[in-house]
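After this come two complexes, each holding chain A, first together with chain B and then together with chain C.
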Partner chain A sequence: MSTPPTLARRLNEWGLPLGIVGMVIGFLIGFAVGTHAIPYSFGEDNSLGSDPGILLGYALSVVGFLAGMGFLNYPIGRLLGAKRPSEEDNAYIHGESGGLSRYFRMTTDHKVIGLQYLVMILAFLFIGGLGAMFIRTELLTPSPTIATAQSYLTLVGLHSTLMIFMASAAIIGPFGNYFVPIMIGTRNMAFPRLEALTFWLLPPAGIILLSTVFLGGFTTGWTGYAPLADQNVLGMDSYLIGFALIGISIGLSGVNMIATILTMRAPGMALSRMPIFVWSVLVTSFLGALAAPALIAAVMMEVFDRSYQTTFFVPAGGGSPYLWENLFWFFGHPEVYIFVVPAFGLIMEMLPVFTRRPLWGYRVAVGGMVGIGLLSFVVWQHHLFVSGLAPSLRPFYMFSTELISVPTGIIYLVALGTLWRARTRFTTPMLFIFGFFFNFLIGGFTGVFLSDVPSDFTLHASYFVQAHFHYTIMGGEVFALMAAIVYYLPKMTGRTMDIRLLRFQFWAVFITFNGTFISLISVGILGMPRRVISYAAYLQPLNVSATVFAYGLGLSMTLFLGILLWEVFIKQRVAAANPWESLGVEWQVPTPVPTFNFDRLPVSWSLPYDYDTGKPAADFGPAVPAFSGA
Partner chain B sequence: MSDASPTGLTVIDDAKGGGRTLVFTSRLVMAANTTLQLSLLFAFLYLRANNFGGMWHPSGIGTPPQVLALISLAFPLITLFALWAVWSAVSKARDSSVSGLLWLALFEAVLTGAVRILLMYQFNWELDSAGTYAAISTLWYAVLLGEFILVGLWLLSLVMGHVRRTDPLSPAHARAILDQWAYITGVSIVVYLLIQYVK
Partner chain C sequence: MRNRATAIRVVVIVWLVAAVAGDVALAFGPIPPGQASDLASSESLTILLLAEIAWPVFSAVLAALFFTLVVNKIAPPTAEVSAEALRGNTRAQTAWIAATLVVVLSLAVYGTVALAIDQPGAGISADAAALPMPTSTSQPLEVQVIAQQWWFTYRYPSYGGIETSQLVLPVNQKIEFHITSLDVVHSFWFYALGVKADAVPLNDNVVTATPTLTGTYRIQCAELCGLWHGNMADNTAMVVSSSDFAAWMQQQTTLDAPVMKYLLPYSHTYEPSPTVYGS
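And then the complex of A and B:
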């Protein structure tokens, strides 16, 4: 017999509104304490300014948000020695009977969290994309038209930070959280509450970041370079707290994923039988867990500089801007692989399905991803080639950076080997996969020039760098994201998308993306610096070309979102249970996936790529046949 | 490929990681914490080595009070010993001594936090002109204080669960918190040596 809902559960039902109220209250308390009490403790002649108030306000607003969402109930209960939550409470928190409302409150179901991530990622992709449209509009003419230099730099910083924010969770957030537990045959993540926390840290991070426009913005771009960061107005505090929250989320998510993958796999699921996507998530999680603390350390120093007037990055006080650059890029370069490695994993997960062949060189691919992960920690100083890095150090970092193209090339070899003499099905996800490989190839080639010291001296801080980065992240990761959405939507929502419209959308996005960024590679080679509102008149034709293509890119991305929303919420065409005839474990469970994934845990006995024989990779017992919906 | 399950298992209920997951995750957190500590160490050595503008450790800027700094290391070491004894007792199912040892560990942990707060109050540096030695020392001590408080809160939750019998202490929990406390105590000793003697 079920008991009536407890007060905590009733409050939890109002999680998001209560979280927002808590956020406002937390900010007001923090601002008041930071503005009045902390400076008071420094004496009357302090020169702390308003930064302590803003920073403490933001910090307590996050605490207030989490308290309103119900995240503090469990730890406070533990501190008081209360009984552990009952089975009924756990089932409620897991979202077992929550309907639509569970998507707006704290739940511990990894599938709900995966969908929450997907919605948030797409929302921030859209907002960041709008920023890009404003930037390109401004750059239609060589002189400022719609923005001032200050507001333009804030726009560039917001666009880039939001997109980095989006990209850091774009694959692992929705697809890692949703599918990794199913793929390894477990019922949940190792720490489900922690998993929910890693998601719910991000909405306040986004809000705090966007609030910078009310505080004067920040002019440093996403890299937050000192000493400009020390000199910036209060808007810089939004960047610092927002980015710190992202770093904390990445680190905690990494720890949780590693623990889940390495200690909770189903019987028979040896490391050598793990789906390649799980390997990519594992490698990425190590990068996140080990790199994010360097960012957090750097942010703490900057917060101290801005709030307590320390001088970590102020040369006059004994500090050095290079310290920020080193710590930031020690995180920042592995961060690039946090974006890309899971995209590689997803692509390699889908390739065998559409080529109907086993993944060629599975172990080599795993080695390639591990190699990328290891090397990514020893390349960061190539970002400092022109910043005054000791000349004797340049060869090592040039070599290590160029070396990273070897494991990356291995991923291409694996793809080519899988495609070789395959009966490839040119489905829509497969088009995006080909798009991914084409774009990432250009991103990789342009990257070689930036790892090379002489050419980097010419190209550094130009639009060439910007275009290279967009080729790898947007052309790579976002194309993989679109492929994955089309591929996994039937499993995640039970809905399918309009293939004809999607094919049109693919070609539109592919052509406009390349049109935009080939134009920007060209202006970069011609010497146009990034992050400036004015440029030489002779660069206008290429800038106009980039802007026109960028408008097309914006429209085609909006079309993708439109198709997605239309199909899921309005048309609601029911998808087959296994429309791609995949052998993956995730496709053998029913749709919608049961709350705890499996009636009994599967016993894994092979890799899920045995398309030569069509044998499934795991034993689910007699009740669940393979290809049940094909 | 054989059709038979290589595990030979036929009935599987769950793959809960349990204690193994907890201990493993505790070590993962230590690995992540190592990056944080190494970042602070890098900052310390970088700023010291370059001594920009002679502002690493300007004359007139002292070091943290020696006696209080040593006391702030003594308490976590006693806590560590108590936690080790807790782990040993729980592992050998000697339940009678666990509660007393847990209270002792918690008491020493509280003293650790209190003494470290007191120590930081004694720094007395004007941070805007005290140079980067004072800046990194203050930040590093603050980070360690935060970590001691977090692990101390975890310890409090374990003590409360155990003494109220709502959640008796498991060997995995005892091991995990012992590992964490040992790690932070070890880092504190290294930081103390750096700040006192590599100034």
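And then the complex of A and C:
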């Protein structure tokens, strides 16, 4: 065993430092080539460089980072005729017996990647949340105080874009990657390297986006409307490349999940025996794989507009701002269901555990999620009701948007059916689930006012919209995320964070969240547009109320993070193996989960919700004395 | 089971009281954006109607959620209490889906009809005829809104295309707003009149509304348009009587007479300024 580590292993071990070196080298090469080799005159008034330099620099820095991380080692090794990596090397690259260090290198173990995602999501959430605190502080007064107009809009853009990065992977990243292969009874994802890639695109995306502060920031918010985007300084390039990376990550993750779920299920696991969370991930993956290309295309067109002087979105050159608006929202609307459908799935996965009974209406729940997925592709123009685009199309988009409340309503029906006459255990995750349903209900009902064209004329682009989507994303998805963290932490880390303080934390976050956003619903109805640094004086009292509640919200979210870190790293109380007494397959494997999940692939018997009979969902092998007498 | 039945009854009664009280309160409360124009009134009516429908449904779901969660809750340590198994109920599912469908369809029909009657506009002029236009008795007054970073200016083609920095409108006169932009995408938001329409370069976005209340109102930009988006607002927009409007127009005409020859001829769109192209 004392053989010296091979090259493949060494390269993998030093992946992160090599990746950072590669990032720097890639950026320098791209910047030099872009600046000097591409004849281009527009950036000359900018002392920091030109758009082609920055754009090419960023693009090559990502390539350099991924190369350094080791994504090219295997193909290049094969091309050069090197020996195949030994079993031992492969196991190392898969993250076997790596301890804590395996979380800092490229591994192909879906469980390692799930935890990497969780940490990255929480980091994005924390940084984005800090941005929100600054925004609320600025909005204490009707005129600019702590920020300049440029820094305020950059803050708005950073907060929103980072939160979109966070939200598009918040459930499917940590819990999809970690639990889908276990739930469907397979040893790994269909494309483990691709899975690692989807995660390792996130850190460069975050760094590149944040680097906008050194390049003058950007003033377009997360929607990046052209031609304002063409007018922006170099900071815009950070937004474009960062968002493109997230788009690639969403799309690739979708392809990988679809392939895994459709082809690698355990024997006996018909589609009708798939846990509801896996169904939600499947629907989400289709949304991601089909919608993300529109975003990537739009962003690349904007990149060309800014570097090669194409005029896709520039009216003076024959382009159209509507092209961006359509492409962006064609991605943007399925995107919000990428946020929330996995949250639906996770909530429905947890409900039977706490009500000790089968999921009520499993098939109709699946139908509901599939319906949401299909409809989400034909509603995007409700973002453009006042844009001046084809008014004769508005009744259709109004109808399709209102129609989506039918499948969403089904999710509520399933929840109510599962809770109906059940002996519900009011555990901490259950509290967050309750918070999810309460907040998402407000999010849904505020949506009705926005889908109706006449009322949208008043409410469009106001704080009402802002409060509406915070109710669905923060109040919905992030509450589901918190429920899932409390619920799955014992499995993922072997530690528990379920302490009394957490219940106080729930009520704190629930009350402050609603306080903040009910205030913002009100300012929106009273006529405050989004993304403004100055507002009419009569709106100040409600803005102060929103800010005060938002501080409380920031503190209570920090408390959640504090409890999580304290319990996992300092208290380190060992959790019970199956603290919620779930029948789910993921709770039947040992903790920590073995590297390849199962010694023998389980044979699926039924849905894991048979709490009335207590029948296990799958046959796990010889330990279950099914055929021992034969 | 007796307690259960009582609990259900209590919840239903509480819900009924809350739903009725809420709806009554809504009916008497001020509903944005107010009654300052025919368009605003119709938007207020729509918002009121949606709220009247939404509140009882919202509170019913909430009541059901509270009931199912609170009445049956037991403490975490007593774990293994399995309830009876209910795996679904076709009738309940069908009823729920049918009910939501009916609500949604009626909302969509109502919205479409309201849209066709108001003709609130915000459409490209060429396409505005796609929905039947109500025949109006009075000729609308055309007012052009030109957005640029970071203010609005207004042109009155029926008064020689005069351009002003203040928006003044005659009351009870149908106004046809033509909204365009010279640089990036803006949105013209006249909250009190219920007018919101994006200003897109090289595009003519048309909205019609008839102001019905005189007063001084606020106008602001509702689409992020760069640095001073938040300050692209104006508290001096006025709706005045037609005699005051004529007097104001007279004053503006004399004021603007020396510069009229420098103004571009009136047009529904203007070539965007080349300086905005590129970074």
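The rule we apply is simple: the second predicted complex is superposed on the first by the 600 of 630 C-alpha atoms of A that agree within 3 Å, B and C clash if a C-alpha of one lies under 4 Å from a C-alpha of the other, contacts with A are read in each partner's own complex, and residues count from 1 in each chain.
As a convention for this text, a contact is a pair of C-beta atoms (placed from the backbone, for glycine too) under 8 Å apart; a residue touches a chain by one contact, two chains touch by 3 or more.
What you see is a predicted model; the values in this text were computed from it and never measured.
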| item | value |
| --- | --- |
| Which partner, chain B or chain C, touches more chain A residues | C |
| First (chain B), second (chain C), both or neither touched by A:P85 | neither |
| Contacts of A:M236 with chain B and chain C, given as first, second, both or neither | second |
| Partner chain(s) touched by A:G494 [first = chain B, second = chain C, both, neither] | neither |
| Chain B versus chain C as contact partner of A:G552, first or second or both or neither | neither |
| Partner chain in contact with A:L327 - chain B first, chain C second, else both or neither | first |
| First (chain B), second (chain C), both or neither touched by A:Q309 | both |
| Which superposed partner A:G317 touches (first chain B, second chain C, both, neither) | both |
| Touching partner for A:A298 - first (chain B), second (chain C), both, neither | first |
| Intersection of chain A interface sets (partners chain B, chain C) | 309, 311, 315-317, 322, 610, 613 |
| In the complex, chain B residues that touch chain A | 1-7, 9, 11-17, 20-21, 24-25, 28-29, 31-33, 35-36, 39-40, 42-43, 46-47, 50-56, 58, 127-129, 131-132, 134-136, 138-139, 143, 153, 156-157, 159-161, 163-164, 166-167 |
| Footprint of chain A on chain C - complex, ascending | 4, 32-33, 39-40, 42-43, 46-47, 50-51, 54, 57-58, 61-62, 64-65, 68-69, 72-76, 79-89, 92-93, 96-97, 100-101, 104, 107-108, 111-112, 114-115, 118, 120-124, 127-128, 130-131, 179, 183-185, 187, 189, 191, 194-198, 200-205, 218, 220-231, 233, 235, 271-272, 274, 276-279 |
| Footprint of chain C on chain A - complex, ascending | 42-43, 46, 51, 149-150, 152-153, 219-221, 223, 225, 227-228, 230-234, 236, 306, 309, 311, 314-317, 321-322, 355-358, 360-364, 385-392, 394-395, 398-399, 402-403, 405-406, 409-410, 412-413, 415-417, 419-427, 430, 434, 437-438, 441-442, 445, 448-449, 452-455, 457-462, 525-527, 529-536, 581, 610-614 |
| Touch list for chain A against partner chain B, complex | 47, 75, 78-84, 185-187, 190-191, 251, 254-256, 258-260, 262-268, 289-294, 296-298, 300-301, 304, 308-312, 315-320, 322-323, 326-327, 330, 600-601, 603, 605-606, 610, 613, 615, 619 |
